[in-house]
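Each structure below appears as structure tokens.
What follows is chain A paired twice: with chain B in the first complex and chain C in the second.
Let's look at the complex of A and B:
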């Protein structure tokens, strides 16, 4: 099961859709882990002739299936930071009309969207589809450090060690949700961590 | 009073450029400074022609940072309702006029990495201000300007001498045409395209950009609709409790104003949405001409944009 229905929330929270094939002279598809399933669903032979797939497997076994789509260019890398220079180069070389498809975890989509926006694509023109882990990329509002793959609420900031409450307040600029100290009023009174959507 | 704030000005220069286009320069009547504006802004010029007051929008074409004067260029339209002919034949140096504060419905998206300007005929005017604005910031821009003939190519000499590398001119009578598909396909990521010209040109650019995969947000266009004449009709204004007649050569908005009812407006060209008016009751057909309401709203019979749209039928009651 790679699909999850996020509960309704505040306006700040990103809403993901379902990828659809669009017209354009080139297609850039970026996915991690189960996000590969969304690429497999949307890919057409015509799209793949002009497609560049950037994939981060995170231990999932989709690489052969993605290669079998015969995209014009395929890259598989160990992490988003490792893949990012390639993504930025692809965006820097791209012409207008490039279609961007992002699929997988929120952290991957948020960061890739950020890179595409910096390259000049309006965020509303970037397609996204959530698949796989529901972990979040969180920024500590106190020390500003980013903690990746946060699955519980509250969680401990990986930089300053504060106990942080997981908010739905999201920043496109940072590609992260906001984490706020949960025991500021009563230090040490930290609720038992549970899954974010439990 | 509706509309943008007003400025009393003096006409300080009238320069015929060619058979169709004349430039007008305005300075503040009190010799003060005019507001700065952003490239793409227009001003609404009030023309007092006997009993008729016309309010026509014209793009400001002077340097947006030059507070000493505003310039507009007016193309004479002999088929129109008389505003441009009034400007050409009646307005003289030294005349006192009233214009509105600048309003911008066609501004640059400054997030763009590059600005691609496509002008047709008198549609060049907003780009004259926008290029001056971009030059101050060393902006990246390129202009493709289609004119009917060399003699009707307003500002071609100025553009090609000041910006020889950025300016590309196309003359219809020499069968020169913008190679749009190639032009759009070659643009670097982050380019925004802006088109101002006849409706056919705007439609062509928007459609081609969509086919080439350009995001809607990167395609900007401005088309001032002049109100079209039509059959006279009667309207009841429910709030002010008046029944008014809309004449053949006036717009519904002008008729409402003539009756002394203050109605909101800004662009008077069907684009900005300010004059949107609720319909209380009707029996007949709307002639919607605006770009503001969507197709469902046009079909719905609940709203009308009185600056450009008309009505044919027995009864029209407006919430005004």
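Let's look at the complex of A and C:
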């Protein structure tokens, strides 16, 4: 799958890079879906000897390829919330110099980055690379509920049911973009949803 | 002077009003006939007698009713007041700054008695008389920032200063121009300003931040900002936008003079002594178009500013759809005569409207 180039945006929006192998006593790699490709690209046999991979396939077929890298520890789980306790444990056990690699959707990277920062990992030791779906994790500014995997603008809040438009304003703390009612000034007049970058 | 406090509402029946005095001292934000973003900052060292610049924290006729409105907003949504754990000391700094300033500037309304760390605070307009131990949270009914900002008009952002940036790590925000503290908390200066159009490109935020980082204790600064609000609604929050947004569509040529308000923020900046945080009070003043038009200079100027404002700003400020109706109203107060420089009303020297 080719990499998506995000259009230029406002200053709160995160910018993702390309993973590069770094020197370190241990390596934690977290990815979902097509993020596996970024791991396959960056992995070296030397890195894998001291690597822990946490992967959320979301229906994609990369598990065997990742296992074939022979990481010291490998986990595949059904969702980010399911994987989170294990991620937090890995971060809590981390030695000085741990290198963290995050790859895949924005929602996964944002949440895993928060977990890493909360565990005291310096941001200079955390790398990100976007791969796969350009869906966004959205917070409804009205009810505060989070809707995952939002692909269209506008979309329906999965908690309160309001029709929300997708802003570029992004909160690292929430690992989410902001959604605001689209028909507040003209109730019922909801534009036809289209892809976020269309 | 003693202040007569209005008994008024900023919601539902909107009984808010400005007295003659409040209109004359309204902080009209345009010093010339056009407007564009700029690094418009100056020292906050008093100003003309009875102007909103005179005291460190202006207290006016809306004080008691505004505090009642804040309590209602907080009861509905406690997330409007948040403080990250490392900000408690800054909260005490802010409590001290406000108590000392108000008791010195309005001795007939507020008293502060200090005996070491044993403090007694008397707020006569709100009927409060509390004794507590300074720096001991257990002796106050709320955290220090929340306690004092429930008794002070305007929103408050408390910014931590680190890595040559400012971080929005605490705040009391119930009268905001459509931005969310809950969303923005933890962001830095460039991140929370991200949605503002044109100003980043003009380098305004880089220069503004440099200025703010160097603000010293005892040398506060200030600037004015403005937007437009239909009805005198203080809580124009994004949280409640799904409820108040519709009010923007209720303007008619008949009611616009009474309903459309110019919303001005007197923003000040104070360095706090113990925490080295910066506090950013954002004091909101509302004035209806029809009240503004009683000052001929302001009538002429508001028409010209609204007419010539770039579309990006009118869109960001949320009144692009209503601008044609505003101009139809405002043009009746612009006879084309020149206006004097500066924001003051100049009632004695500016000519009456030529009809």
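In this text, the second predicted complex is superposed on the first by the 193 of 198 C-alpha atoms of A that agree within 3 Å, B and C clash if a C-alpha of one lies under 4 Å from a C-alpha of the other, contacts with A are read in each partner's own complex, and residues count from 1 in each chain.
The working rule: a residue touches a chain if its C-beta (ideal position, glycine included) is under 8 Å from a C-beta of that chain, and two chains touch if they have at least 3 such contacts.
The model shown is predicted, which means the values in this text are computed figures rather than measured ones.
In the superposed model, A:95 makes contact with chain B only, not with chain C. Of the two partner chains placed around the shared chain by superposition, chain C is the only one that A:162 touches, whereas chain B remains out of contact. Judged by the touch definition given at the top, the superposed model places A:114 against neither chain B nor chain C. Contacts of A:22 after superposition on the shared chain: chain B is touched, whereas chain C is not. More residues of chain A are touched by C (comparison of chain B with chain C). Contact with neither chain B nor chain C is seen for A:105 once the two complexes are overlaid on the shared chain.
In the superposition on chain A, the residues of chain A contacted by chain B and by chain C do not overlap at all. Chain contact summary for the complex, chain B toward chain A: residues 111-113, 184-191, 211-218. Interface residues of chain A facing chain C in the complex, by the touch rule stated above, are 10-13, 139, 141-142, 144, 162, 167-174, 178, 180-181, 184-187. Within the complex formed with chain A, the residues of chain C that make contact are 79, 180, 182-187, 190-195, 200, 238-242, 245-246, 248-249, 321. On the chain A side of its complex with chain B, the touching residues are 22-25, 91-92, 94-99, 119-122, 124-125.
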